[in-house]
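You will see chain A twice below: alongside chain B first, and alongside chain C after that.
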Partner chain A sequence: MADRRRNNGPPGGSKPLLYSCMIKSAPNKPTRPTRTRKPDELRKIYLKTGITPPASGSAYLELESPHHSPTFLLPSSSALKLSVAVHGPRPLARSAAYSPHLALSCYVKFTPFATRHRRGYLRDPTEKDLSTQLETALRGVIIGERYPKTGVDVCVTILEGEEDRWWAEEPLGGAASVGGWGLFGVLAGCVTAASAALVDAGIDCIDLVSGGVAALVARPLGNGDDDGKRDDGVGGEVVLDPNPTEHENIVAACVVAYVASKDEVTLLWLRGGSSSETSEKLMDGAVSAALASRGVLEEALKETALLKFSEED
Partner chain B sequence: MATTIQKPSASSSSTTTTTTTFPASVFRALTPAAYLHAHLTHSPPIRPSTRAPSDFRPPVLNTNSLSHSAGSAVVRTGDTAVVVGVRPEIVGVKDIPGHAEILKASQESAGEAQDDRVEKLGLVVPNVELATGCAGSQIPGTAPTRAAQRLAWRVREGLVGGGVVDVEDLEIMWDRPVIGDEESSEEEEEDGAMEMEEENKKVKTRGEVVGYFVLYVDILVISLAGTPFDSIWAATLAALRTTVLPKAVYDPELEMVVCSPLKEEARRLNVKGMPIACTFRVFEPSRFKGLKDEKKTWLLADPDEMEEELCSEEISAVVDCSNAKLGTQIRKLEKTGGWVMGAEEMEQVIESSEKRWAEWNGLLEEL
Partner chain C sequence: MSNLDILLPGALLVPAGKATPGPGTHIQNNQITASVLGRASTAKSSLNSTTRSKGSTSVSVLRPASRQTAPVLPSVGAQVYAKVTSLQRQQATCSIHALVPPSAAALPRLDSDVSSTPTEGSLEPRALATSFRGIIRSQDVRATEKDKVKLGDCFRVGDVVRAVVISLGDQGGYYLSTAGNEYGVVIAWSEAGNGCVPVSWREVLDEKTGLREARKVAKPI
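Let's look at the complex of A and B:
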């Protein structure tokens, strides 16, 4: 079905590029990047507010770019880049039902070029799910009672997503499936950036909310005793802010949206990880990752405040 | 606030009507037309953004910051920001209905007419996304608005009709071995190719088009504060100029086109010319209440959001001065929504566009 409101490609359809390194027998195979950070070290975060001046609040978040190989055309992994625009508070439509609280709507959309696999123009279920999760995370901090009959729209555009796994091992180079481990990092980034944008828009919140991810990575066999402390009995290690391309087998991952001053978690999403003990470890890890990203969030907002108040003087 | 007489701020220092007890921002919100008029009647005329009427906003350009695009660019002019990513995909000749006829027609008319395969086969696919929350009226979750569709159409027209990308650059060739009977079983479906095969029986191999690169040009407006087309166009051009296409080889065993992942084997996309878009609007105060007697009109370059709302007459020129022999070439000229612009003003537009071209050329040439 051709979309009549957009320019479409050739009527017969086109296929993503097939690189020779994706075929098993081919030479020139790139090597999997390895994690050079410490297990509890996060990637560097760049956060800036006010990049969309027509919106009432906006923020841009970018994670440290990985080192790209000089010989390969294909990037070894991607770096999260997203922009958030907040519109409102504004009156709800006349036809809308009375709402005693703030009506919050979140839209998360991947751009077509955000992932290795070209994304569509319409929101897919993954994006709808991310939108709902983000809404849950933000609802916990916004003081909704102060805004009756009012709406706020949070629009997140993901310019570059995280990858779900090491792409070269797949026949289609990461094209086949969606909804893998990469979404955890994306959601954490969305929460942190959206919190900054909400503050930039001047919407009353009880506190900042920041996102953090931790993952349980199974150790390769025979390499289990170099770090006794982190070994939790199932042969895994908890790493903060994982880049899924760098880890061969992630067993479980957890993302939280954490409100530091109240020590509350407004969103928790955990996948994998059987025992309650590992789950707890993962949650603790995610919370400490969230605390670390909160530091960046605070710094970025201090800058915003300085700019805003010097303008008003 | 309203009762105190405020010192006019830097941007409004030129307003002649300083007797008002309102701050400039209130004046601006209540009577935008009079506000703009007051600025322009100042000598020398100045716009609320402190620009002169013929001044464009200074552009900022960044390229190749997106990992998953073959070429990408971010352009910021004032408060308008645009991100463009170019992504190649491959379409096999077998998937193109009636390809043999199209190829034949273009080969027959070679040298006489422009090869129109890029347009006929849909090899360059630009799309504009405004629904990113880039402005208050652009909330996601809706189908592309008319504005977005129109912008996408204008970009398509400029890229495809303007011949910015050559079809030769997108072709994927294969030297088909010609060994007599063996191949006839393989390609029964390619009737057109068969006819030509007969002519070339003596040759051992023959170059043949097996597929094309399709360039998906996705344009995202991140922040919209007036004149989106100029930024969109410049960002698209910059993204195309940085686009790198891998070496593509047809593998007859797999019956697929396989690309080389090596950087050294890849090549730059060849972009023809340097067309630059420049948009102007005409401010006609007599259309507004209270300013009916004003006969003068102003031509405003690169209007911002507020000016766009007040001025309905728009003129958009795409000029290319890259060919020194031909001088300034006008690639496209569009004018909508009014009667003020005459031949004289048109010259002014082109002159102003030439200056803007030089500014953009300085940024884009190095890519």
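Let's look at the complex of A and C:
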């Protein structure tokens, strides 16, 4: 009879797990992906509308995927793939009170396989927080007075989310364990794609809104001063559209949703950045990143319109 | 057509004084600005007492018409086609399935920047992507003898009614009215389940059984 009072080990005995990244002189030690873009250069964006036919409006956004190293099964850095569907305007629920404006509700959901850490099927607090932020960003551009007593649902499904850090660092912890940097890029992508989907649905907006991210990257820990990295005078280098797997030491990041024609920011999320000088630099960087992604947004929507009008003629 | 004809939301059209904003536009920094994706169109606005004295052209942005999902919503003055879903003593509940937006000329255009209804002016009924709830109160069924209306003698569950939206209503549904010759039942089914033809403004005839039933009949167009 087995001993059920004590928590005994397995009968066969086992070896502790040993990851190759823990061995200092492993033969094929993984190397951190490096940023090959210029600091002010964004990853290539693929944006297309009208990919979910039952929805009133939809969009799909994908960021350029990194090169895959043949040595390891795991992709060395992460990418972003997300799809947005806009449903409505449709009547409010029977129990909802009269509303003279459009009732906007956003649902951001990671698929269970979106990140290295498996996500649940229910919405977790992170996803709820992203939903609220996206709602704030979009509320600023929709002309809600034109749609009384109706609601619009914006559903974002993230098929692949950005990681918070490089996978080989995960067992190590340490300074790199400050998490959440991946959410910035995800939120910016959500804003840009949701704006495209809203316009595709034909909902009145004052302007397009696009998202942009900038991050402050400090020198890697333990490195000397002279490693060829630029210093922007705020304790590090400001990079646009950072891929968190490529940087060891992100100290601050900022995401904005920017409305270009009014020069307005409908959403600002800043983390880290102790001085006002840092924050200002980051915000300026994020706005210029948003302006750059707006260019892609405009081109994608013009394509949509050409397609729709050519069907009509 | 070229790329240049297409306007994105936020594209500037003309200064606000030069024209009146039509559907698909709004005013921003004293400039008429596009608010939907589409093509610009200008039309001579018909003069009525409430439009600006200049009576200049009205500028609007037309969405591509090929998509059935361009948002159409019931608004006051819109003609709707609705199916009666339940009858009570005081009111009939129905679900609105199609509507003809109020034409731009028939409604006084307000000067406020966001008050114009987001509809394009065509007289064809447009199917709605989702049905909306409508309510016909007994006092809105006909214009005369309002207090003698018995809803059971005016509608039957399943009938298709042509009506006009008189109010956005409360949380329950849009208030509809069938007062007027052109409003009322357009498709009726008898108690036996057969289709009916109108014989007078208040009666329909089941051609199979020869029985007459009471309805508030719309004048055939």
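The working rule: the second predicted complex is superposed on the first by the 264 of 313 C-alpha atoms of A that agree within 3 Å, B and C clash if a C-alpha of one lies under 4 Å from a C-alpha of the other, contacts with A are read in each partner's own complex, and residues count from 1 in each chain.
FYI, contacts are C-beta pairs under 8 Å (C-beta built on N, C-alpha and C of every residue); 3 or more make two chains touch, one makes a residue touch a chain.
Note that this is a predicted model, so its numbers are computed, not measured.
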Inquiry  = Output check: A:Glu298 vs chain B and chain C. Expected answer is one of first, second, both, neither. What do you get?
reply    = second
Which superposed partner A:Ile203 touches (first chain B, second chain C, both, neither): second
For A:Ile51 in the superposed arrangement: first (chain B), second (chain C), both or neither?
first
| said: After the superposition on A, what does A:Arg219 contact: first (chain B), second (chain C), both or neither? | reply: neither
* Which of chain B and chain C A:Gly13 touches, first, second, both or neither -> first
Answer with first, second, both or neither: which of chain B and chain C does A:Phe113 touch in the superposed model? first
Report for A:Ala97: first if it touches chain B alone, second if chain C alone, otherwise both or neither. second
Chain A contact check, chain B vs chain C, more residues touched by chain B
Query = Is A:Arg165 touching the first partner chain B, the second partner chain C, both, or neither of them?
reply = neither
| A:Glu145 contacts which: chain B (first), chain C (second), both, neither? | second
Overlap of chain B and chain C contacts on chain A, residues 90
In the complex, the residues of chain A that touch chain C are 56-57, 88-92, 94, 96-98, 141, 143, 145-150, 199-208, 259-262, 298, 301-302, 304-306, 308-309, 311-313
Per the touch rule above, chain A residues touching chain B in the complex are 5-21, 23, 28, 30, 51-55, 58, 65, 68, 70-75, 77-79, 81, 83, 85-87, 90, 107, 109, 111-116, 118, 121, 123, 153, 155, 157, 159-160
Chain A partner, complex, touching residues on chain C are 1, 3, 6, 8-10, 12, 24, 26, 28, 33, 35-39, 63-67, 69-71, 73, 114-118, 129-133, 168-172, 174
In the complex, chain B touches chain A at residues 65-69, 72, 79, 81, 83, 85, 87-92, 95-97, 121-123, 125-127, 129, 132-136, 139-141, 143-144, 149, 152-153, 156, 212, 214, 216, 218, 220, 222-225, 244, 246, 248, 254, 256-264, 266, 305
